[in-house]
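Dumping the structure here so I can ask a few things about it.
Chain nomenclature is as follows: A, B, C, D and E, assigned in order of appearance, with residue numbering initiated at 1 for each chain independently.
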Amino acid sequence: MNLILLILLPLLTAVLILLMRNSQQVKLTALIGSVAQLALAFALLLAFRNERVAGNEAQMLFELQYNWFPAWNISFHLGVDGISVAMILLTSFVVIAGVLVSWNVTKMTKEFFFLLILLSLGAYGFFISLDLFILFFFLEIAVIPKYLLIGIWGSGKKEYAANKLALMLMGGSALVLVGLLGVYFGSHQKSFDLITLANTHIPVEVQKICFPLLFVGFGVFSALFPFHTWVPDGHSSAPTAGSMFLAGISMKLGGYGCLRVATYIMPDGAKEYANIIIVLSTIAILYGAFATMMQKDLKYINAYSSVSHCGFVLLGIGMLTKTAMTGAVMQMVSHGLMTALFFAVIGMIYERTHTRQVNEMGGLLKVMPFITTILFIVGFCSLGLPGLSGFVAEMTVFMGSWQHPDPFHRIATIAACMSIVVTAVYILRAIGQTAMGPLKEGYVNLSDAKWNEKIAAIILIGGIIAIGVAPFWLNDLIGPATQIIMNKLAAVQPK
Amino acid sequence: MSGSTIIFYMLAALTLVSGILAVTTRQIFRAAIFLLFSLIGIAGLYFWMQYDFVAAVQIVVYVGGITVLIIFSIFLTQQAGELLPKQKIGRLLYSALAAFCGFALTMVQLCQHTFKTTTEQPILPTVSNIGDRMLSVEENGFALPFEVVSILLLAAMIGCIVIALRSKPTTA
Amino acid sequence: MKNEKLLSIIQFLLLGNFIVGFFFNQTGTLFGGLFTTNALMAFEKSILSLGVYLISLLFSDWLKKSEHMPEFFILMLAALLGMFFMISSGSLLMFFLSLELSTIPVAAMANFDLEKKISSEASMKMILSSAFSSGILLFGISLIYGVTGTINFAEIPTLLDGSPLQILAFVFLFTAFAFKLSIVPFHLWTADVYEGAPMAVTSFLSVISKGSIAFILLTTLYKVFAPMQEIWYNMVMLLSIITMIVGNLFALRQQNIKRFLAFSSIAQVGFILVGLSSNSIQGTSSVVYFVLIYVFSNLAAFGVAGAIAQQTGKERIDDFRGLYQHNPFISWILALALFSLAGIPPTAGFFGKLFLITAGASKGNYLFIIVAALNLIISLYYYLRVIRAVFMDKNEHPIEKIILNPSAKLGMIICGAGIVLVGLLSCIYDYITALTV
Amino acid sequence: MIEVIRITYYIMNEFLQIRLLQVLPIGWNFGWSLLLIPLLPFAGFLLLGLFGRKYIKNSAGIIATALLLVSTVLSIYIAYVYFFEYGKVMGMYQKFVPIQFTWLEFSQGVSIDFGVLIDPISVMMLAIVTFISLMVHIYSLAYMKGDERFPTYYAFLGLFTFSMLGLVMASNIFQMYIFWELVGVSSFLLIGYYYNKPSAVAACKKAFIVTRFADLGFLLGILILSFHAGTLDFNTLVQRLTVDGSEELHSAYTSTFLGASALTWAAILIFIGGAGKSAMFPLHVWLPDAMEGPTPVSALIHAATMVVAGVYLVARMFPIFSMSEGAMHFVTYVGIFSALFAALIACTQTDIKRVLAYSTMSQIGFMMFALGVSGSNLKNGSLNYSGLGAGYTAAMFHLFTHAIFKALLFLGAGSVIHFIHSNELKDMGGLRKYLPITNITFLIACLAISGVPPFAGFFSKEEILLAAYQHKALIYWIALITSGLTAFYMFRLYFLIFWNKGTIVHGEHHGEGGFAMMLPLVLLAVGAAFAGFIPFGNFVTADGKPMEVVFHWQFSIAPVSIALAGIFTAMWLYRKQNNKPVAIANSLNVFYKAGYNKFYIDELYLFITKKILFNLVGRPAAWFDKNVVDGMVNLTGNTTQLISEKIKEFQSGKVQQYAIYFLAGVIGLAVVFIYIWK
Amino acid sequence: MQPGLYHILFISAALFFIGVFGFFTRRNLITILMSVELVLNSVNLNFIAFNKYVWPHKMDGLFFSIFVIAIAAAEAAVAIAIIINLYRSHQSIDVENAEEMKF
């Protein structure tokens, strides 16, 4: 399994899209490309399992290393472990669904799909890179397509939202950059290589400076309170596929970075700041949930709920136990699928009703049973119904969080648990107002989902259910990888 | 106080006073003339330091060339006899302050610094010495700068010609 | 048309000039140390030659229409020659002379839009300011000379000891550099001159002049003033921060694309200073590398702006609204250029800025680096403003299809390719590093 | 090709791998068929849910019923096999876990396992759930006929049955939680079945949210238990936490919070979860509203199965509860209070289904406090259920009988509603002429619930009262009063429906709904009449050892007479139309009003949610986000712009000014670096 | 007291800042140019003085001043050409009339 394929495939797709003549060809190319991505991701999963089953215990599999800027000790170092594989799978799911739901884009089709594929390129590259420089490179690649997607194809206050998003994300990545440079020089290794850095003991003073920089930097991507404010505006203004990518993939870059980069290479820093992380993420969880309760726009609802759900990711990381960390990764995958699906549904509804205000809708179950069924499913997933992915992830986080006997962690966990009730409140409120109740006039002749929307939804639901019903495969995939991070943490002397 | 000293102070006074007048008088012709005096004063100082060649160049280039150029350009651009417009008092104050601060700072630093002296044999600035050096390509030769300056002068000339000889404006 | 043929010949010769540059990269000195050269200097000159070649391509429309095209090239090449001498200069005298040689013709060139009032205003501002800065520079040189007794680059460092007068002299000297490089607060002429001058001259000023000064500044600081490293590091750091901030703040509010690019280039210079401050091999190579990228990026932006201004006379960013509608090609080139200037991957600007910052970070001064990194965000904001105008904003009367002549198109393609490839192909950076060592 | 096979193999390996922990060779070769019991209804759900709307619209009911019939037969067969053939080993009913596999491993030892736990209560519950569900399936064939979403209805029923069976069979507390949640969602779907009705939407939301809130307690309880016991498996949990001197028990006892031990907290929190599902005060508010669902659904969910999940949970965790006196008291008092409270409200309600709902709540209160009063003797550390375990058996017995007669009541009410198209008592009266079978079966059910011998309710209630009597007099007296009230309001209902005034039936009425509706009524009536004679103590006890239930006829005098008193009062007031009830209601003005308005608990909730949660938390959070957090971001942007505007004067366009700044810069730098920053 | 290096340095520094002052305050472009000439001349004086009093064994200062004179001439020529051109387009050589571009 050559990991370069994961970068080359989207690149090739993007180039081909640029060469296509009409929008039909563009769409087909994008679809074929994303199907190929999905196939590749599955192939990767199988190859990965194959290696593991065969007894390959190496931390990273399929490693590749090319010299790139040897003067700076930068190398094009790729490799995957279970976490990366999970994230790559997530990305490929979201990409194909995103391409499918964008089938009706008529404005500048070529550019739209080009940017979508480019965004996926950034995500794949980010997840497989083992060199922090290229990791950063791919992190930033993913920013501008988002900006353009929102700015050109968005709606509402799109310019404002696009600007805010781009600037805040760039701000985050600026912090990441400084943190990376601090590690680069502070470790006395002059190396960006993740494995090298992880095997080095970085001086504690350096960690104390660089950990918050990296964590907050990545945290901005992952809606860390109080840097989450780009999330509602960005998501609500973006076109459907844009929101899906943004919430489904882009926010995961942050969580992955927090875990893989910040926590892994700087365990002392992580221990030092764990309490702050826990406080912030607990606030995000509750606060996001409560803020969601007051929203009337479906996209805002999902956006704020994303803040809340991404809080679980950061909480899981901040708890510094293996179970919680595994839960955090699961939550990333789960939330990625779920929120992508949620935005897809919102897009479908909006396309038909031309409104996203919940109080302007009602009884849509009657006219579009398929779409509203998806809405139900995604809502249930969001509020953590067993059998769907959200439950598994949240419970794992809770279980892991409860491992600390001291009151501080306990209170944080209880507070986080409370959000499942609040989530139920806002989700049911949204569903109740849109799908149920008397059918509003003017919505009588609306049509149900079309083939592309159905396939997109089914793919994502398939992912959600696959995790929800059989979480053990994901757990087996992620567990060993988080164990390595935990070993590194455990090796550090306690404060 | 020797004659040399007296001459020095006279030259200094000439240079500075006419320099000040050149930048303060409100009649543009007078300003040009004061500039001329100031430049002559500097040339005098060169003579006083026995750098005859430089003094000669100074007189030829400045007095004979640049001042004349300036006066011509005054003719070209100025209605004679008009007073120069007054500067705002604020600007004057700030400028004076800035200039004075700079001057003070420089003088303080210059005076605090003890310049080294060399015991090596001085080279006299005779015309032949200067000529030799000017065209030498060895160490301490200045042939290359000489060529650079010539290119510069050529370029400047072309530039001047293009700019100054512009064809009649086609539009009003 | 006579101009057209001549222009093709000139373009061809300039291309030759660029290529030939790669074959003469021996190390050595001439004229008793007044002229030194080595492979890195040869490469630096090649970058400048490339820039001039690109200018001749990008602004061919304007050049063809100009009555004084031959003179324009004479002056530009004289200035280029001055820069070559400057990069290679081995003494303060050569440095000063070549600096003047590279400035005075450009001041004349700034007036080449003879009919335009602002062109002469720009030209006037430039010649007066540069005369003033020459005065300051000369005063500094005279003090250096007085203190050390030499104007030779090789001898000066052995005679410097960091006494106050030397610091004063260095400040005078350095501010002249700062003036040419548009470092705040010596940058004030920049925007006015850029706005008034013809687009070709503006791009020459902002790319070629800046680049050459950055190169010679490397030599001056790293070699000549090496003993005063502590002082100039702090000075560079201070000025770098101010420059980035002020450049960005002013760029935020500009409407005219040339002024906008002027302030953006000021901010870019702030970044160059970040890399420069490291005083290391990495510092040198990253600055040279950045200038190379900057040549492509800024020329691409100017080329697009020039093409638009040439055909429609529109220079305001607001006029660019909806540009993408009829002109996708130049819009993408402009976007690439601006992304590169903003330091967004995968454009080369990302690598350039990153290496500058990395080099700067080697001193361990994180506050400085954080300020630099935060300035990236502000700069992104205003670059995105243009992107927004081009791609997103609606306009009732967007700019019609711009007809590019083939050489301008070629120039843009070269710039675009450069923006993409210079970063991704690490061999270019390796090559520069190899030259630096 | 080989590639394809390999890939398929891996997919199988990855996604379908079920890792069996143990399959006990307990003598029957029926182990795997246990899985069929829940999976058949689930298959029905998938089948009808995915294809019902388009392809099998009309046969949906038959398919679902057939599937469930198989399930029912299987569970009854298993009950038979368990109780009479293999379950008893050495005179004790054993706990078997024939099937178990790890679903999600959190950490060493702590994992969610999916398994099947077979012990007396689960087997009993399997039988009762499938049976009642089957009755409801059959009943609905007629009741829901012609409904637009007929297949969906059956799909939801299937989902519900599946979840409930999974809950019952759970071998792992987290497995129970999972199915617990699924039960919650299926009840949400079923209550909200008439999704066009705003009241139904509100009710289903309320039901879900209130129970979710309770589930939070359950979840926290699980977290506490898992932390101290290091396992989630029921058997291991009980083993570790009930053995005196075990490390786990020690840690659960010694870590305290607010004066109570972790064990007590865990038990109370888990009980809160159960209280939510079982509609105990104060989490009962959803139950009456939940009557918005189709009536058969109410019969299934809100009578027989889901609402007793809480009781089942407490029974399942009974050994652990019994380790904590505080928790047991909590259960007792909540139970008895809810019983009385609900009975009082039930006397005033006019909606037939609401009356039944409150009666359910009241009866479940009985079961709860029965469990609560059967606390163990902890004095000498080892478990000793003797004498006090009676409450446990009584609660289970009452659960069993109550399921039957409450289902019967609801189905009967459904029959009435089907006939009269209204839930309100004021629209009814004199229906005995039109609905003879319903009349008889309803009467049997009323007698059963009132505890009149020899109907089923008499025996179970008798045992509960006995247990209460042995425990504490106060509880006994309250229970006694409540049981009198029960008889009163049930017969109030009965007389108001079937006697009282004569109802004019417009036009042609369509009878009692045919065979499909009558069959369940009759079957259940038979159950309600005779289920009491089952020697329950022989099968279901706290420790698995059969227990001789001694019948004291002297003791029954008081309950029976108070029940009869209630019945006769109701008869006196409601048999004929008169104004006595109004007069009494008027004389008890305040109390009556309070009871009628359900003691204003709903209003209190509304106040808490709308005023406090929304206005004091949600709104400020949203405001804070919009203005402060977002404001900070915008402020940064605006400040930058503002500074940019303010400093524009530097770029004045005056070349001389530029030069002044230049010189100032030079001087400044020189001064700084010569004098200050050396 | 025999006038020496410091005297001349004083004169040149004074002249330099006189020129600078003129540059700051004159409004007529030609007079500004004249101020620049003063500045350049003062520098020349510096060079000659250093050459004479401090480093008489080399002629760097002397040559420097000669080249400065040449440069000054070139600069003046170009400046005057520009000023004349400006005068043609603005009908004025007041520097404050040429402030169209700002901010």
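Here, contacts are C-beta pairs under 8 Å (C-beta built on N, C-alpha and C of every residue); 3 or more make two chains touch, one makes a residue touch a chain.
Note that the structure is predicted; figures quoted are calculated from it, not measured.
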Stepping chain to touching chain, what's the minimum from subunit A to subunit B? 2
Where the centre means the average of the CA atoms, what chain is farthest from subunit B? D
Most central chain by CA mean? A
Report which of C-E and C-D is connected by more C-beta pairs in contact. C-E
Which chain is most remote from subunit C in terms of Cα centres? D
State, to the nearest whole Å, the distance from the C-alpha centre of subunit B to the C-alpha centre of subunit D. 101
Quick one: report the Å distance separating subunit D from subunit E, using the average Cα coordinate of each chain. 96
Using mean C-alpha positions as chain centres, tell me how far subunit A is from subunit E in Å, no decimals. 65
Expressed in whole Å, how far the mean CA point of subunit B lies from that of subunit E is 5
Specify, in ascending order, the residues of subunit C that touch 2 or more different other chains. 93, 97, 100, 104, 107-108, 111, 114-115, 123-125, 128, 132, 146, 149, 164, 168, 191-192, 253, 381
For subunit A, jot down the residues that touch at least 2 other chains. 167
Of all the residues in subunit B, which ones touch at least 2 other chains? 91, 94-95, 98-99, 102, 105-106, 109-110, 115-116, 118, 140, 142, 145, 149, 152, 156, 159-161, 163, 166, 169
Which chains touch, pair by pair? A-C, A-D, B-C, B-D, B-E, C-D, C-E, D-E
Please name which positions on subunit D make contact with subunit B in the complex. 656, 660, 663-664, 666-667, 670-671, 674
Complex contacts: residues of subunit C adjacent to subunit A: 282, 285, 339, 344-346, 350-351, 354-355, 357-358, 361-362, 364, 366, 369-370, 373-374, 376-377, 380-381, 384, 387-388, 391-393, 426, 429-430, 433
Going by the contact rule at the top, pick out the subunit C residues touching subunit B in the complex. 30-35, 67-68, 71, 74-75, 78-79, 81-82, 85, 93-94, 97-98, 100-101, 104-105, 107-109, 111-112, 114-115, 123, 146-147, 149, 163-165, 168
Show me the residue ranges of subunit E that touch subunit B in the complex, using the header's touch definition. 1-3, 5-11, 13-22, 24-28, 30-31, 33-35, 37-38, 41, 44-45, 48-60, 62-63, 65-67, 69-78, 80-85, 87-88, 93-94
Which stretch or stretches of subunit C touch subunit D in the complex? 124-125, 128-129, 132-133, 136, 164, 167-168, 171-172, 174-175, 178-179, 185-186, 188-189, 191-192, 231, 234-235, 238, 246, 249-250, 252-253, 378, 381
